[in-house]
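Before we start, here is the structure in question, set down as structure tokens.
Chain lettering (A, B, C and D) follows the sequence in which the chains are written, and residue indices restart at 1 in each chain.
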Amino acid sequence: MSKIISVKEAVAMIPDGASIMVGGFMGCGNPHRIIDELSKSGKGNFKLICNDGAQPGGPMGEEHYGVAKLIHNRQVKHLVATHVGLNPEVGQQMNEGTLKVDLIPQGSFAEMIRAGGSGLGGVLTPTGVGTIIEELKDYVHSVQEIDGKKFLLMKPLRADFALISGYRVDKLGNVWYKGSTSNFGLMMATAANVVIVEADNIVEVGEIEPENVRTPGIFVDYIVDGGA
Amino acid sequence: MDREYIKNFIIARAAKEIRDGDIVNLGIGMPTMLPKFLPENVKVTVQAENGLLGVIPCTKETYDPIYKVDAGATPVTVAPGGCFFDSCTSFGMIRGGHIDVTILGALEVDEQGNLSNWIIPGKKLPGMGGAMDLVVGAKKVIVTMEHTQKGQPKILKKCRLPLTALNCVNLIITEMCVIEVTDKGLKLIEINPEFTAEQVQEATEATLIISDELKPMA
Amino acid sequence: MDREYIKNFIIARAAKEIRDGDIVNLGIGMPTMLPKFLPENVKVTVQAENGLLGVIPCTKETYDPIYKVDAGATPVTVAPGGCFFDSCTSFGMIRGGHIDVTILGALEVDEQGNLSNWIIPGKKLPGMGGAMDLVVGAKKVIVTMEHTQKGQPKILKKCRLPLTALNCVNLIITEMCVIEVTDKGLKLIEINPEFTAEQVQEATEATLIISDELKPMA
Amino acid sequence: MSKIISVKEAVAMIPDGASIMVGGFMGCGNPHRIIDELSKSGKGNFKLICNDGAQPGGPMGEEHYGVAKLIHNRQVKHLVATHVGLNPEVGQQMNEGTLKVDLIPQGSFAEMIRAGGSGLGGVLTPTGVGTIIEELKDYVHSVQEIDGKKFLLMKPLRADFALISGYRVDKLGNVWYKGSTSNFGLMMATAANVVIVEADNIVEVGEIEPENVRTPGIFVDYIVDGGA
């Protein structure tokens, strides 16, 4: 059975209120076609787990770039991120009380997603010790002292959906990422119930050298042709 | 000194902290200017926490803004021998002590080397991004900033804003001076000859220990 | 039944547990024979915990024993669409629940689905290798083994050897029967027509619950 | 300054009693030239951290394959591994009381090395819960219950040296691994004070595509030409 579906089919799977991980860093690596379609869907109340709120103004003259579209359309009610400074609409909607934002240190955020996808009970990191991060009870299980050094035990993160972007994706779902686009998508593909990859280029099985596959196809449920 | 001059002055001084072969992570803004102040015999590898090593500015030919940006979302590329990787790998590198130096700005620094640079409650909530991991993980943490903010000291007895990390700063470089964070407190080790030690202390809330070997900043 | 026949019989039955598209990890020995017992319309992807997906036997042309071996150190290769990766990635996959089925041998299994298969104290210490992770992480754990060891039961009330993991086995397939591990205990769901339920119970220390829908094993 | 050194220079760096991580799985991915030279060095009392004891009998007719040489020569006093069944000499030396062997579940072993290299305080894994692994006090910090589920907190692993093998290594130390050889070496390269890579092929900088580098050169201190 082919994993390739249309962008409309992909968006049709995502219900109102879903928790959605989106790969990318300030828009770079966001699955732009899926986000476009989702932004037109009228759906909302999403919990968005994404490094950032992207930014207004994309490199190709986009008015809102990547996930910034979802925020601009007020489809997001809860954003879990590490940095939102480049998208002023995030702060504005927070102040209005319409958007809940939780900020987690970026390295912890990445590792919490990895833990969620790899069956680990949490992440013991020195990052955030002695800061207000310790008070984020939804994300921090405990402060632990190990051999005289303090660590935060951060909880694993998972989501209903992961939407990621790959430069070359073969028909089995094996993914090769170009440039700095793999960032969080690589781990998100392991940590969601349904994983949809937007392929800039769909290639034949075997075109990606077995050693150069970065996300094995077994993690990918559906492929959307992002180049079409 | 105008602000552009100040920035250049601070970063030129920061560049002297860099040794040939260092792996460095440069915060958004002023620190990214560092590479152009390095002498020719000092080669660094710039890491960007979104997953690049060997970051260099892009040219017209290598401009590829959809696929290749640095941690400030600026289109960049990597030098020959550079590479790209995911965020877990990147922060493993950072947290694991594989970055020699990180240089970043601050809102406040205090006597214990505590740092605040990510939030002004009720006013500004950009988020910490990778800063909390960087200052905990890098072998050496250098803060570059203007000495005061609208005349108010930023180098304090105790940080008042929420912290980025405890006891993490090694060196503070401003347009007035260079301060080393020691077990005993903040040690003034270099001073811009345009200022006196008294003037520096006046612009600083924390008590400075003046080094026996105080040098002119240059 | 001679031992070769027994092995084939057991694995042929295990093959019926596999669904088209499953990702499977096959323990060293008997389980590795499984793919040849699958019907043509059931395609599996074989994972080897040393870092391969899509493992297939190698041919004379693809034989590359220095670079491509499976978890039993047997030279193999990967099918088109297969891939290679490191051990952390591999066990992330395993522990994270991304393997549908793992099939492996046992020294002992008990009523709670506890498994012992890695050590006989004072006698044999091969090590657990990846077994402890596999039985904790895979969605379904199938034990394939001869029903007894030199006439002594291996399906016990309580494992006597050190455990591989608690409460991890879902299904036990032997030459005598198929047993499902349930909350209430071990349920005999299929029986080899060459044996009676009494004979199976006699060869088993644990008390078997005989299914209302007991079927012939085939 | 070039990172390329001779195999003799590499071995000269390693003192008696050193803790040494060696990449590889049953010999596949062991750095064979370095191990050969080390086996002739007369040095010993090593703590060897390696998935296994490799095996007598290599695919090219070697009498002892990979790290099995060090064990055969009785240069190892302490082996930290996950499986030693394929090398009968390990059991024999254990029984004689001349070799200490600690066995750790393979997934935990890999992740403990990753924790050692990435500044994490430990690894929270469900693997080993309820087994005698819980008693390995040198490796298990504690048994913890998190949201009703039990986990072992395994300690990070590090070593003085990591000896790994790469198929293509450029002159800056960037590594590309062939086939199933990356296994543990990939993480060991992050978790030792001195990292030496044996290169099957030394290539020019730029020959490995930046996206396909698996171990960035910043982790590699020295390169030994394994093809020479």
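Everything below uses one rule, namely that a residue touches a chain if its C-beta (ideal position, glycine included) is under 8 Å from a C-beta of that chain, and two chains touch if they have at least 3 such contacts.
Keep in mind the model is a prediction, meaning the values are calculated, not measured.
Engineer: Sort out for me whether A-B or A-C is joined by the greater number of C-beta contact pairs.
Structural biologist: Here the pair linked by more C-beta pairs in contact is A-B.
Engineer: As a quick test, compute the distance in whole Å between the mean CA positions of chain B and chain D.
Structural biologist: 36
Engineer: Roughly how many whole angstrom separate the Cα centroids of chain C and chain D?
Structural biologist: Centres of chain C and chain D (C-alpha means) sit 28 Å apart.
Engineer: Find every residue in chain A that makes contact with two or more other chains and list them.
Structural biologist: Counting only residues that touch two or more other chains, chain A contributes 111, 114, 119-120, 125-126, 177-179, 210-211, 214.
Engineer: What are the residues of chain B that contact at least two other chains?
Structural biologist: Where chain B meets two or more other chains at a single residue, that happens at 84-85, 91, 94-95, 136-137.
Engineer: Select the category (line, ring, star, complete, other) that matches the graph of chains linked by touching.
Structural biologist: Graph shape here is other: it fits none of the named patterns.
Engineer: What are all the chain pairs that meet the touch criterion?
Structural biologist: Every pair of chains meeting the touch criterion: A-B, A-C, A-D, B-D, C-D.
Engineer: How about chain D: which of its residues touch chain A in the complex?
Structural biologist: Going by the criterion above, the answer is residues 111, 115, 119-126, 141, 144, 146-147, 149, 151, 153, 176-179, 210-212, 214.
Engineer: Where on chain A does chain C make contact in their complex?
Structural biologist: Touching chain C: residues 1, 114, 117-120, 170, 172, 174, 190-191, 205-206, 208, 210-211, 213, 216-219 of chain A.
Engineer: If we count contacts the way the header does, which residues on chain D are in touch with chain C in the complex?
Structural biologist: Residues 25-28, 51-52, 55, 59-60, 81-86, 91, 94, 101, 103, 105-108, 110-111, 113-114, 125-133, 167, 177-187, 214 of chain D touch chain C in their complex.
Engineer: For the complex, give me every residue of chain C touching chain A.
Structural biologist: The touching residues are 21, 23, 45, 53-54, 78, 80-85, 91-98, 136-137.
Engineer: Sort out for me which residues of chain C touch chain D in the complex.
Structural biologist: Touch residues, chain C against chain D: 48-52, 64-71, 73, 75, 84-88, 90-91, 94-95, 124-133, 136-137, 162-166.
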